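What follows are several structures.
Below, chain A partners chain B and then partners chain C, in two separate complexes.
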Partner chain A sequence: MRVLLRILAPVLGLGLAAVGAVLVAEVVAAWVWSAGPGLLVPWSAWRAAVEDIRWREPAVPLAALAVAVLGLLLVLLGLLARRNDIVLIGRGVDTTVTTSPRVLARLVGRRVRAADAVAAASITATARKVHVRAQGRDRAGPGLRETVHVEVDGVLDELSLARRPRVTVTVQESRTVSELASSPFNTAASANAGDERSEEFT
Partner chain B sequence: MSELEASTTAGPRRRARSAVARSSAADRSLAVLLGVVLLVGGSLVALLAYGAFGSGRATRPLLDPLVVDSLRAQPVLSRVVAILAGVLLVALGLAWAARSLRPERQPDLVLAADADTTIVVDGNAAADAVAGQAAALPGVARARARMVGHREAPALRITVWLTDEADVVEVLLLLDEDVVAGARAALDPQPLPVAVRLELAAAGSRSGPRVV
Partner chain C sequence: MSAPTAVDPAERGRLDIHPTVLRKIVEYTADRTPGTLRRARTVAGVDLGSSGATAKVTVGGDGTAVDVRLELSLRYPDPVRATVAAVRARVAEELERLAGRHVRTLSITVSDLRPG
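Up next is the complex of A and B:
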């Protein structure tokens, strides 16, 4: 989103400037040489056309709705192109430490997977919420959820995040080794690295 | 208050926050403004066309003779308003485009300045030195640094790519004590706000120090 805005911003700016320049040039030209055909734009032909078209004709609302949808997309682009940084408490007032949800997800995932009782895990992290889906090993007891929770809390404590995200843990039934091989948790290539959330799978 | 004044008088915390990344607030505001104008205009025209403001109005031509007559009654005023609107659009559009195309400032560091002598360190050189030191820290795969802000109020932006084995807390501690402290001491008593960005090196990347 931010890249799209970076590309679109100068294009939109130059577009606005071009519209303004044509408007000024045409009005001045029409003022100086009254009833001319138009300097850059064939106003006379356009004027004849719009004098014939009525508001209720089907093309008018369609074009208007297309403009409205374009406006809606621009509004959404402007609202969604904000940074979704995760802020860590830096050392001293003049240091700011930030990272991305993707990095937080990988740090949490690394710690959770290192736990003996965890066979596989997938993590979804945003600045507000960390969700862990963990799968235990055969010998993992009923305390798997607490184990994962403690590991995640440990990572968050170490990082000392400025705003601590809510942690949720979902524990899945443990599977045998052959089932694990065909598990969707193993599809590492499907990792979702979207703007708003970051997931990773093992 | 101008942008320069605002950044030189702002507190170190605020300057460190604003050094995190180039601000896109102006681009976003203008995109939303333009979007709202298009959205409202398009919606009103569609409502008019569907007869929401009366079916009689919907049967009138786009270029209504009533509107044309009222414009012709005040020809000079209409033209001046149109020209002013055009000039405003040109100014706004060019300012917007220039602002988003302008590269981010990389200020040089003024180490000492008196009536006769000014000692200035090139911003790129200072940032490269910091990046080199940061990349040599244990747990850091590579590092990048640049000076941002104004010459009167510089700030440092450091991005470090951590290895899989990195201890985040230790890296931050060493970065602050070994790397940033040196740069701050050189600038003393002027404060040097720092924005650190943590990234993870791609899996399988070499873990040795590397400077980019």
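Up next is the complex of A and C:
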């Protein structure tokens, strides 16, 4: 949602700026050529078209409804795109400490990848859930899931979060070194700081 | 010629401390608290040095209480609670000592947790 908002905000801003610039150009052109048809916009024709529309015509309430729905969607987008920080030390006291899902994902990723049995891992973290997809080494036994779980729990214990997220672990099949080189887990790190959730791949 | 009226030294003027000064006190103090780290600044992979804590200070209604929002990086695996408690204590002490302000609320955003 935050990504969409970040794209939408400059687009809408640039659109409004463009409309403003065209308006200024049209006003200046109207001052210079008072009877002109319009410099960039055929406003005379638009005006004639609008003058033919009556309030009782069905197009009027439909247009109003469309604008209202669009506005509500924008409001909804703004409300849903709020920061989804992870609370380290609870609200309600005089000191509040929060961090971003990206920081938690990095911490968990660093700890999980440091385990001998783990060849690669990707982490998705939100305030409510931490999901780890781990890939074991050749010699990794059937206890890989448990190993990863213990590592993640260790990080969460150390952080002593105000609300402990649920941890889920998905284990991929063990792969050889040559297979790991072409693994999708080996893509570059990717995480959006303000996004609702943060993922890290290594 | 009349003698100058004696004015109590405490009444001879007023001292205003700009919020920027309070902000710099907070940032300086936070950066010097053990357990906090400086952050590397990069743009498109280009190293632009490092930066310390960033703060926003809002002065309360009576002018002596301040609300502080602080963003900083902490060393991990140092305990977050202990480091934050130290930051709060030091910031409160320095603001009181240097500017006569007391911290009403402190909101800290941990932007990074990494080995020092």
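In this section, the second predicted complex is superposed on the first by the 123 of 202 C-alpha atoms of A that agree within 3 Å, B and C clash if a C-alpha of one lies under 4 Å from a C-alpha of the other, contacts with A are read in each partner's own complex, and residues count from 1 in each chain.
Assume contacts are C-beta pairs under 8 Å (C-beta built on N, C-alpha and C of every residue); 3 or more make two chains touch, one makes a residue touch a chain.
Just so we're clear, the structure is a prediction, and the values are computed from it rather than from any experiment.
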Report task. Based on the superposed arrangement, let me know which partner A:P42 touches: chain B (first), chain C (second), both, or neither? Result -> neither
Query raised in the report: Between chain B (first) and chain C (second), which, if any, makes contact with A:E158: first, second, both or neither?
Result: both
Query raised in the report: On chain A, which partner's contacts cover more residues, chain B's or chain C's?
Result: B
**Report entry** Touched partner set for A:G143, first chain B, second chain C, both or neither
**Finding:** neither
Query raised in the report: Does chain B (first) or chain C (second) touch A:L16, or do both, or does neither?
Result: first
Report task. Could you look at A:V50 and tell me whether it touches chain B, chain C, both or neither (first, second, both, neither)? Result -> first
Query raised in the report: Looking at the overlay, does A:D94 come into contact with chain B only (first), chain C only (second), both, or neither?
Result: both
Query raised in the report: Intersection of chain A residues contacting chain B with those contacting chain C?
Result: 85, 88, 94-100, 103, 106-107, 158-159
Report task. Would you tell me which residues of chain B are touching chain A in their complex? Result -> 11-13, 15-17, 19-21, 24, 27-32, 34-43, 45-46, 48-51, 55, 57-63, 79, 82-83, 85-101, 164, 168-169, 172-173, 176, 180, 191-200
Query raised in the report: Which of the residues in chain C come into contact with chain A in the complex?
Result: 76-77, 79-81, 84, 88, 103-114
Query - Complex contact set, residues of chain A against chain C - result: 85, 88-89, 94-100, 103, 106-107, 158-160
Report task. Sort out for me which residues of chain A touch chain B in the complex. Result -> 2, 5-6, 8-10, 12-24, 27-28, 30-31, 47, 50-57, 60-61, 64-79, 81-83, 85, 88, 90-100, 102-103, 106-107, 110, 158-159
